[in-house]
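Read from first to last, the chains carry the letters A, B, C, D, E and F; within each, the first residue is number 1.
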Amino acid sequence: MALYEPKDSSQSPRFTGPRTFMRLPYKEELDDNMDFVVTGIPFDTGASFRVGARFGPQAIRDFSILLRPFNVEQNTAIFDLVSGVDYGDLVVAPGYIKQSYERIVEQMLPIFNRGIIPIAMGGDHSITLAELRAAAQVYGPLALIQFDAHSDTWDSYFGEKYMHGTPFKRAVEEEIIDPSASIQIGIRGPLYDSTDLEVARELGFAVYSSEELFELGVGQMVDIIHERVKDRPVFVTFDIDFFDPVYAPGTGTPEVAGPSVRDGLHLIRGLKGLNIVGFDCVEVLPAFDPSQITAAAAANVMYEMITLVAINRRLKADTAVQKQKQKAI
Amino acid sequence: MALYEPKDSSQSPRFTGPRTFMRLPYKEELDDNMDFVVTGIPFDTGASFRVGARFGPQAIRDFSILLRPFNVEQNTAIFDLVSGVDYGDLVVAPGYIKQSYERIVEQMLPIFNRGIIPIAMGGDHSITLAELRAAAQVYGPLALIQFDAHSDTWDSYFGEKYMHGTPFKRAVEEEIIDPSASIQIGIRGPLYDSTDLEVARELGFAVYSSEELFELGVGQMVDIIHERVKDRPVFVTFDIDFFDPVYAPGTGTPEVAGPSVRDGLHLIRGLKGLNIVGFDCVEVLPAFDPSQITAAAAANVMYEMITLVAINRRLKADTAVQKQKQKAI
Amino acid sequence: MALYEPKDSSQSPRFTGPRTFMRLPYKEELDDNMDFVVTGIPFDTGASFRVGARFGPQAIRDFSILLRPFNVEQNTAIFDLVSGVDYGDLVVAPGYIKQSYERIVEQMLPIFNRGIIPIAMGGDHSITLAELRAAAQVYGPLALIQFDAHSDTWDSYFGEKYMHGTPFKRAVEEEIIDPSASIQIGIRGPLYDSTDLEVARELGFAVYSSEELFELGVGQMVDIIHERVKDRPVFVTFDIDFFDPVYAPGTGTPEVAGPSVRDGLHLIRGLKGLNIVGFDCVEVLPAFDPSQITAAAAANVMYEMITLVAINRRLKADTAVQKQKQKAI
Amino acid sequence: MALYEPKDSSQSPRFTGPRTFMRLPYKEELDDNMDFVVTGIPFDTGASFRVGARFGPQAIRDFSILLRPFNVEQNTAIFDLVSGVDYGDLVVAPGYIKQSYERIVEQMLPIFNRGIIPIAMGGDHSITLAELRAAAQVYGPLALIQFDAHSDTWDSYFGEKYMHGTPFKRAVEEEIIDPSASIQIGIRGPLYDSTDLEVARELGFAVYSSEELFELGVGQMVDIIHERVKDRPVFVTFDIDFFDPVYAPGTGTPEVAGPSVRDGLHLIRGLKGLNIVGFDCVEVLPAFDPSQITAAAAANVMYEMITLVAINRRLKADTAVQKQKQKAI
Amino acid sequence: MALYEPKDSSQSPRFTGPRTFMRLPYKEELDDNMDFVVTGIPFDTGASFRVGARFGPQAIRDFSILLRPFNVEQNTAIFDLVSGVDYGDLVVAPGYIKQSYERIVEQMLPIFNRGIIPIAMGGDHSITLAELRAAAQVYGPLALIQFDAHSDTWDSYFGEKYMHGTPFKRAVEEEIIDPSASIQIGIRGPLYDSTDLEVARELGFAVYSSEELFELGVGQMVDIIHERVKDRPVFVTFDIDFFDPVYAPGTGTPEVAGPSVRDGLHLIRGLKGLNIVGFDCVEVLPAFDPSQITAAAAANVMYEMITLVAINRRLKADTAVQKQKQKAI
Amino acid sequence: MALYEPKDSSQSPRFTGPRTFMRLPYKEELDDNMDFVVTGIPFDTGASFRVGARFGPQAIRDFSILLRPFNVEQNTAIFDLVSGVDYGDLVVAPGYIKQSYERIVEQMLPIFNRGIIPIAMGGDHSITLAELRAAAQVYGPLALIQFDAHSDTWDSYFGEKYMHGTPFKRAVEEEIIDPSASIQIGIRGPLYDSTDLEVARELGFAVYSSEELFELGVGQMVDIIHERVKDRPVFVTFDIDFFDPVYAPGTGTPEVAGPSVRDGLHLIRGLKGLNIVGFDCVEVLPAFDPSQITAAAAANVMYEMITLVAINRRLKADTAVQKQKQKAI
């Protein structure tokens, strides 16, 4: 039974009040009743093209008030299983990536330390490096599931090591993720060089292009992910540009010919049972999203992530019960 | 041969003149030469989230001037078979739903009484209850074919029985539709409660989610509709949020992962032969439709509805001819 | 010294966290440390043309995060003098005006009863009637200062007495405002009838058109207001359509050739010293405000209202001090 | 008493039905009860930069439904004095200017011949030449009052004589206007050459830049116009780019630092008493007008033009009465 | 090795400098180091509905700066194989189609004469007739591969033979294309008449509707194209309205239920090996493309065309090498 | 006589070709025939709120193609007096302000060294510090004329010394400007603290609020500037947020109640005769500028700056001539 759950929209219309994610309570302090926290990381200094993802969390919250607590596809009454809040946004230092990384790590650590699952809203993809740093302090090197049109494994950009095209190269170098248990899905679009294609693979990632995804289908892709990740602690990062631009026009570097939202949601749903310790959804850029389509996609991605937290909780409980039963026998 | 047909766009460019649906004549009085009337019902007081569907009819008219009279997919020269007009918009009482219902019923009755097929443009989905009340006075309890992301069978909202989430619960209670001959297609999205899912089924509707539609395919779905409805007088209501938000961003409560416009049009085309007595297309909200995509979808939905009127007229004529032939033999 | 004050944007960037007005704390319970509360009243069922002001409070909050606590023009460090919060939005019954009025009154009463100054964000102008009902229960018939392009003193609309064109006729009839101490400023635009012009005057209001305002100038207008209102308890209602549409395109019924934001702010600043018991700013409609200009205007109107609360507090304190000094002498 | 007047918006909400200008009846045939006709001329092939003014008439109609029949500033109940209709749009040949000119002349002639005052909505400014050709057939060379940021007196463009920068050079050459009785107001913006400035003056026009207008003020400008035009038959052409771009962003070639809508309306109001035989308002381009500000400006310009028709009718009647009285004496 | 290639975005950020296609050098003179030129033809006087495609080339350039030189799907480092530039835009005579045709032909001829492959950006589809005239002077009657929602084989429009609905009728009449080697793909949408459907077929084109394309699939469609065209010199024209409006809302006459960008790109990729002498991509209309989706689609279409130039170059080289090898043996 | 001047728009329509400022030649190398260069500095990492000014130069170029070479207000045929080019954009390191500063200085130095006047387009206001560093290396400490809503003299932001709110504090500290010869005009909006107001004055700037500007009027303000600056080498920096948001909605931190574009242009025109060594116009943010109003304002600001270069050239020439004449006598 949830202690923190969304406001009841039959008691106050969903369009009332300051927007929090899914109308969850806004709490600035962590406590023991939180299974997950939704938090924004409005940092976009890492962007190489369109910029403005600092307004992503607001845009996602604005749309998220439409979400209702029973996930039909997953047959799950989320807040019967888990309790969570909108934890507000982390403090960053706009314009300064290293300083922001330090601040993000510092603020994420207590969340991971308490075993709370963070579900973060970017911000550009550079933030994920900081999230992984914090997570790895608690869980050791993580498996990474990356839904993305780009590998983000460049070495540097204008002589600098940190920006939104490099986080996963850094993460491998820093040994905070284990590439042999990690996977990238949805990669596509023109590259600078034929070798670009190989960088991620050489780092150790399993890499699936969106064309490969189309051929394999969602079901088989899900199996591949499970095989790859197994029971490692895993972080799930979802770059909204994974989706075709018609589903996510509001993003920094759109690439045509990508998967649909339906495919994306089915993929996330397929992650149930994995030992997920954190999530994020990044690169939502509202200035190019006049009809809130991108925000809708992102809010639903977040929603499926929350549902996973709930389902995994139930699975664990079931397993515990079964174990106890077995013991009893 | 049509008495009322669209203006010829080779005589005056299609962008000339006040916009009527498909450039049909604008007539404020009914007469015997009308097989169908297109009419707006610009009422949006029933909306629970985004509001502004009162401007839906205008937006649909604005785009509809692109439509041409020969339906290629259906191989039908519409106005060789039927005659129809833009009947303007019904008068409603903005802000007052019950009073508006009375006015709508009063204005719809003469249409149904004359055996003219109304093809209405909403407005929010609350208007359909009033349309059904009028239709039922003439035809008795109707079958309902509802294309929609939401069942719209809530019991009440903030203590009130009438709004755009409740019309089909009311319609069953008022016995103006026969749920056992009725069907809902495209239902999806998170709900408040697991029981929400069952409400429509308990009321007697056949309910097909969009995921079920994807699995069955359009062809099989069409067969299911025909089986369900048979030869009952049937009303077809099309909530534009049936479509995935990329096809219909301009609507009140978008739900991701829905069907395409192509699927929707194939479904409507599949309704030929049914005894359809009325249509509507609702929840078009132009403020979120900067590229007129939603209006394009709605105008084409309306266009296929008009084509059905024409085809059904031909089918009846053919049947009559065949009967006469058989008699002659 | 303020107990409740905006978040310090040198500690967390102003674009972080759920948006509250001016980054004030979000509090759902009243307490004794509140001199004012900012509250949304997201009701728009009363609108006769463009609709969607239910999203006005969100839009105003979104822009308001740019506001800083020192009002230069008024030379006032607001939160050195007063304490206030974002009280969230009042619960309304969308689509039902009378029920919403009851709810608004019920929720406003405790605010007035505690002597807290409410600064409300609409919503359409129909909400002001409910605010006045609540205020009058505490203060008796109020003076009204109405900045507006329209008198809003129609008798009825489609047979109904309540909508956004009638609140001030009702307020006079209900004797909750005293028209002889009330004033309307900025009235303009075409009317239905020459008599429309006289209705407000016959009800007892002083009425100044925007052309008269241009001729008199802001300074003289301020004097006229003070003369009219004197020391009566007064409610200030600011319809954003007071401004020329270039300053406030995002509103329901724009009228060309109106005053500038600069004029409007000077007028509000001129109200200092009046015994103001409540404020609102209504008719902000974000769907027609792609560049957030209207939200900027409204946020600044709200800001000047808050400043007035602070200044009036200081004036009272000064007077008290002076009185005490005089006594001492 | 008017035979043709706007629909009563207390009987049907103003947002109902196909949009006609000001909700006037839509009539495709001229008759004797028309004092004026509003008509669109949706031709934009003459545009040299942004294009799309063919959708101008629709945009103006869309906003015009907000206009009400009593003009407060002019203290005139328009339809107590005159009767008029929305005559729809003239047929043009898109892409072909000469052919379109012929068609426009042919369709305008019957209007002028019947002594009906046309109030046309462009379309780009090239259409005015065709209007003047038709008018001059009936009235002989006309005085021209041109509100515009540009003189539109170029000789040619890419070797061609007809486009929206040349109509008034052509009109002088064709002797359908009398430049010595004509005046251009609002001219501004950078030019190709210092001689450009002199072309219009050399053709015989009185030319007032917007800076000169600011210095003279509206009142003196009005006197100058009356002195210049006297009692000649005069055509009034209003290019919406006369206004500063903040008032009219939706136009083809905006020039900064122009007059306000308020100034513009005061200028038109000042034209009462002149022998005006036709009007147009051109260069409204909705694709750059997301908030309908430009449409609002244009609709109000049109409204003041209609009011002038009404006032001039009254003045004539008054004069006739006075003459008769004098005779009687 | 390329002499002209895109600017290196690791040396200057891709958002720096005047926008040229893909950051290619901007050259106004042809020279011998150019294998292809990208050129705009910003002419839109031929448009029958929405207009503004003169801004298409700019919009495509704006987005194209995101493109990178290695085409993953085609495994091709473009500029290892070919050299090309942004040749700027051709000079047209706005508002005058015949004069513009002459100018286009005159400017295209030197390109074809030098054996440079032009890749043109429209402008409306009327421009293709002029391109074909120039190409045919050099290559004789061409095969045409037309991706389009409309056949564009009307005879005339408002009495005129040239506009964007007629170019391919003209091209057949002028014998500059060989319809028996030509093919139209993607045709759909309502028509004026059942005979419209047959016009293109009667002219000799192979015509495939978008529904036929869906049934055949991309692979089979590619085979059909190759069979039809064989080794004739062929011109590829891509009307952006080939795509479903969700992928290309920014176009003049959108038709619902069309193919995806992914399908379109696969089709173009399938053209490798054909003897393509020129390309264009037309009907991009940025005013209806607020999120740059249409520009993204068009830029990628252009990109695949350039890749084809590179691949065909390699294929020729390979063949030459093989031939030489065979000779050597 | 100009060697480099804009393309003649009577030879190629102004909407043809890659956009350069005012259609000037695009040159990547400096040469002796350049009196001025227009250059973009697309850096926006310094922004504290809305971000995206990296696209400012493109937006300004896009609109600038409307500008024509004869400045009517200044009676100056610009390119009879001076020669200039679009120098493209400087290379910056996105996300890294110090590195970008170094790059900007390095690239600006050759411009100043050659005595060419740079007219830069931002980018956010942080770039001006780098421009001043370069200029001061050549000219020594400069006078600064700053048109701006904000003083931009904060000390630091989130512990960092460089961002768009601090450049002029730094410039004083680095002794690259002489505050005693410098002036800020247009300052307004709420502040964090009463002391904020004094910071700029304490640094030595003359500071004029927008309210003071309204009171003094443009003419007197111009005199004050001249008195302050005298004949010092002076840099003119124009933050587009100087203008009221209705004129410049597309900017990072809009402040209501500012001056008009007309006022701004008159102020710049008033600077003639000053010894101006460089200009910039910053903070144009196209994502909030759907109607290109802000770009229009900025392009015209740039245009007046170029005109000043031309006029000052003429003044110097005249002085030289006069001196020679005097000598001759």
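Throughout what follows, a residue touches a chain if its C-beta (ideal position, glycine included) is under 8 Å from a C-beta of that chain, and two chains touch if they have at least 3 such contacts.
Predicted model only: the values in this text are computed from it and were never measured.
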- Going chain by chain, each one touching the next, work out the least steps from chain C to chain F. 1
- Shared interface partners, meaning chains that touch chain C and chain D: B, F
- Cα rotation angle, chain B onto chain E, in degrees to the nearest 5, is 120
- Message: By residue number, over half of the contact pairs should agree; on that basis which option among C-D, B-D or E-F is the same interface as C-F?
- Response: C-D
- Please decide if copies chain E and chain F contact each other with the same set of residue positions, more than half shared, or with different positions, and reply same or different. same
- Item | Centroid distance [mean C-alpha coordinates] between chain C and chain B, Å | 42
- Intercentroid distance (Cα basis), chain B paired with chain A, Å: 39
- Using mean CA coordinates as chain centres, what's the chain A-chain D distance in Å? 58
- Item | Junction residues of chain D, two or more chains touched | 13, 15, 48, 54-55, 94, 157-158, 246, 288, 290
- Which chains touch which? A-B, A-C, A-E, A-F, B-C, B-D, B-E, C-D, C-F, D-E, D-F, E-F
- Within the complex, chain F is touched by chain C residues 9-10, 13-15, 66-73, 75, 77, 246-247, 260-262, 265, 290-293, 296-297, 300, 303
- Message: Quick check: in the complex, which residue numbers of chain C touch chain B?
- Response: 44-48, 50-52, 54-55, 93-97, 99, 157-160, 162-163, 287-288
- Item | List of chain C residues in touch with chain A within their complex | 11-13, 15-20, 26, 40, 42, 54-55, 58, 61-62, 86, 88-92, 94, 290
- Spell out the residues on chain C that touch chain D in their complex, using ranges where they run on. 48-49, 157-158, 188-194, 196-197, 209, 211, 244-246, 249-250, 253-254, 256-257, 288-290
